[in-house]
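For reference, the structures are reproduced in the following blocks.
Paired with chain B in one complex and with chain C in the other, chain A is shared by the two complexes that follow.
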Partner chain A sequence: MTTAQELRDKKQTYFDDVEVGHQFPPLVIGPLTATHLFRWSAAIENWHRIHYDQSFAIYHEGLPNILGQGSWKQSILPRYLKDLCLPDGWPWKVTFQHRAMIVPGDTLTVWATVTKKYEEEGMGFLDLDVGIRHYAETCPGRATIVLPIRNGKPIPYPFVPPKKLVSQ
Partner chain B sequence: MSQATPQGASALTPEVKAVIGAQAEKIEASLPWGIEREGLRIFTQAIMDPDPRYWDDDFAKKTKFGAIITPPIYCTYLGRRTRPGGEDPVTRAFQENPESDGIVGVRTPDTRGGLPDIPTPLVRTLNAGNEIELRQYPKLGDRIFSQARYADIKERVGKDGSRMLIVTTETVYTNQNDEVLCILRASSIKR
Partner chain C sequence: MARWIAIGRASGWDDMNRFSEELKATPQWRIDPKTTITSVYALGDGRLIAECHGASQADFDEWLRKKGWTVESVTPIRHVAKTGDIWKA
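Here is the complex of A and B:
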């Protein structure tokens, strides 16, 4: 897990610092409990019983246990990318699919590997393979983050994607 | 094998093509008081993100964002919240069906912001993946608006010859100044 102090003190990773194949430090979360799942359901007012009512999940729905929410996973990926980019980069976009189920007891590793790097309008773009892994990839995907180039121009905020990249 | 379309008949009919680009009304996703601190605390703790940019005003002012911000896709969950003052949807759902799964009948029957149904006999829907594009983080006090549209509908033929539709819905989230915060593109398979 990442602490508040680590996020407060986070040093910028520059575009110049990473190459294709670079693996960013993973974020490890867990083991997840039923309470974690219930907390998320309550936070977003998702009352689907498969996420917090174990007897309903098993005996009514035929599931192995209550299930972790896809919406939680899809919030974790942007959160991780945000952390990678802090303080001055930008987690521009992420695409992913929901695959294997997550259940209480699972420990998840959120990861990202650089697959391509390129410059556009003075900013450094990194394409990434990303995912959330337990015994399998539960949320494989791709992302593009923007990091400042050392001694280059700041990343604009609000972020305005280069026109050349918008239609891709 | 799909049972819903005649063998060999395209599922991408002129009627289906006609809804590509159809746009829903723009609605306010946030509650009338906008983004507030307590809801933000509950959400950030549920994703286990202790970032001081979400709660430490002094620190947040010194960041490039200049103020407290929310997590990247926080605004996409605001529309799920039950608006106060109406009938309790949970009580109603379980009175109607004690075996409710917690979804059917629980959602407030709020049809604002909905897209038209796709005129197809393909009724099974599967999630085919999502894309999230970020432009700006919402701030405390921001009012959030959303507007959905059918960005694209394509046809795919399965190995068994069955026809299916790949539907991409794009929802744009904006603030009270009409600035784009985030764009959610959700793809689903109808078969």
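Here is the complex of A and C:
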């Protein structure tokens, strides 16, 4: 588990530090419990019974157990990418699919591998393959993050993507 | 989704550590996307009860075989009461 203090103290990963094929350190979450799921349901006011009522999930919906929320999964990959970029990079974009159900007992591994690196307007761009893996690959997808180049210009905040990349 | 109850025996499952080892991890009870072992009871007389829901009893039979059960019976479930909630199986 990464602590808030570790994130505050995190040293910058520079564009220069990674090459195509680089695997970022994974984030491991779990094993998930019903408490994790209920906490998320409460936070976002999602009261669907498949997320907290085990008998309903199994006997009415025919599900294996109560289910982890899709919105929770959607929050994990941006969080992971944000942590990779801290303190001065920027997680620009991510897209992924929902391919498998997550249930209590699952331990999730969030991962990212560099597939392409390029510079634009003095900033370093990394295209990534990303995903959330448990016993299946749950959320395969792609992302682009922006890292500063060592001794280069800072990544602007708010981040404005180069026009050349937006029009692609 | 059909449901079945199996009654049988399996060596060592009266021990809590072995029982946990056999059942705790998700892949141990989620046989495939459509087949789930929803409950297992270890009875005081050494017998075991397992409940499964899935598309095919054959998948449940295979799980029991892989787990080393000596099966007394596998029976379809008609309906279920769970702490006051009644469900049609």
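Convention: the second predicted complex is superposed on the first by the 168 of 168 C-alpha atoms of A that agree within 3 Å, B and C clash if a C-alpha of one lies under 4 Å from a C-alpha of the other, contacts with A are read in each partner's own complex, and residues count from 1 in each chain.
Just so it is clear, contacts are C-beta pairs under 8 Å (C-beta built on N, C-alpha and C of every residue); 3 or more make two chains touch, one makes a residue touch a chain.
Keep in mind that what you see is a predicted model, and the values were worked out from it rather than measured.
Colleague: Based on the superposed arrangement around chain A, label chain B with chain C as either clash or fit.
Modeller: Verdict on chain A: chain B and chain C fit.
Colleague: Please tell me which partner, chain B or chain C, touches more residues of chain A.
Modeller: B
Colleague: For A:R133 in the superposed arrangement: first (chain B), second (chain C), both or neither?
Modeller: After superposition on chain A, A:R133 lies in contact with neither partner.
Colleague: Does chain B (first) or chain C (second) touch A:W90, or do both, or does neither?
Modeller: After superposing on A, A:W90 lies in contact with chain B but is clear of chain C.
Colleague: Can A:H22 be said to touch chain B (first), chain C (second), both, or neither?
Modeller: After superposing on A, A:H22 lies clear of both chain B and chain C.
Colleague: Of the two partner chains, chain B (first) and chain C (second), which one does A:K117 touch, if any: first, second, both, or neither?
Modeller: neither
Colleague: Pick one for A:N65: touches chain B only (first), chain C only (second), both, or neither.
Modeller: Touch partner of A:N65: chain C, not chain B.
Colleague: Taking the C-alpha centre of chain A as the vertex, compute the angle to the C-alpha centres of chain B and chain C, in steps of 10 degrees.
Modeller: 90
Colleague: First (chain B), second (chain C), both or neither: which does A:W47 touch?
Modeller: first
Colleague: For the combined overlay, can you note the least CA distance between chain B and chain C, rounded to whole Å?
Modeller: Least C-alpha distance after superposition: 11 Å.
Colleague: List the residues of chain A that touch chain B in one complex and chain C in the other.
Modeller: Of chain A, residues 56, 60 contact chain B in one complex and chain C in the other.
Colleague: Which residues of chain A touch chain C in their complex?
Modeller: 55-56, 58-60, 62-65, 100-101, 103, 105-106, 134-135
Colleague: For chain B, which residues are in contact with chain A within the complex?
Modeller: Answer in residue numbers: 42-43, 45-53, 56, 59, 63-65, 71-73, 77, 80-82, 90, 99-103, 106, 127-136, 179-180.
Colleague: Per the contact definition, I'd like the list of chain C residues that touch chain A in the complex.
Modeller: That would be residues 1, 24-27, 29-30, 33, 36, 38, 53, 80, 82-83, 85, 87, 89 of chain C.
Colleague: Which residues, counting only chain A, touch chain B once they are in their complex?
Modeller: 1-4, 7-8, 29, 36, 39-40, 42-50, 53, 56, 60-61, 70-72, 74-76, 78-79, 81-83, 87-88, 90-98, 141, 154, 157-161
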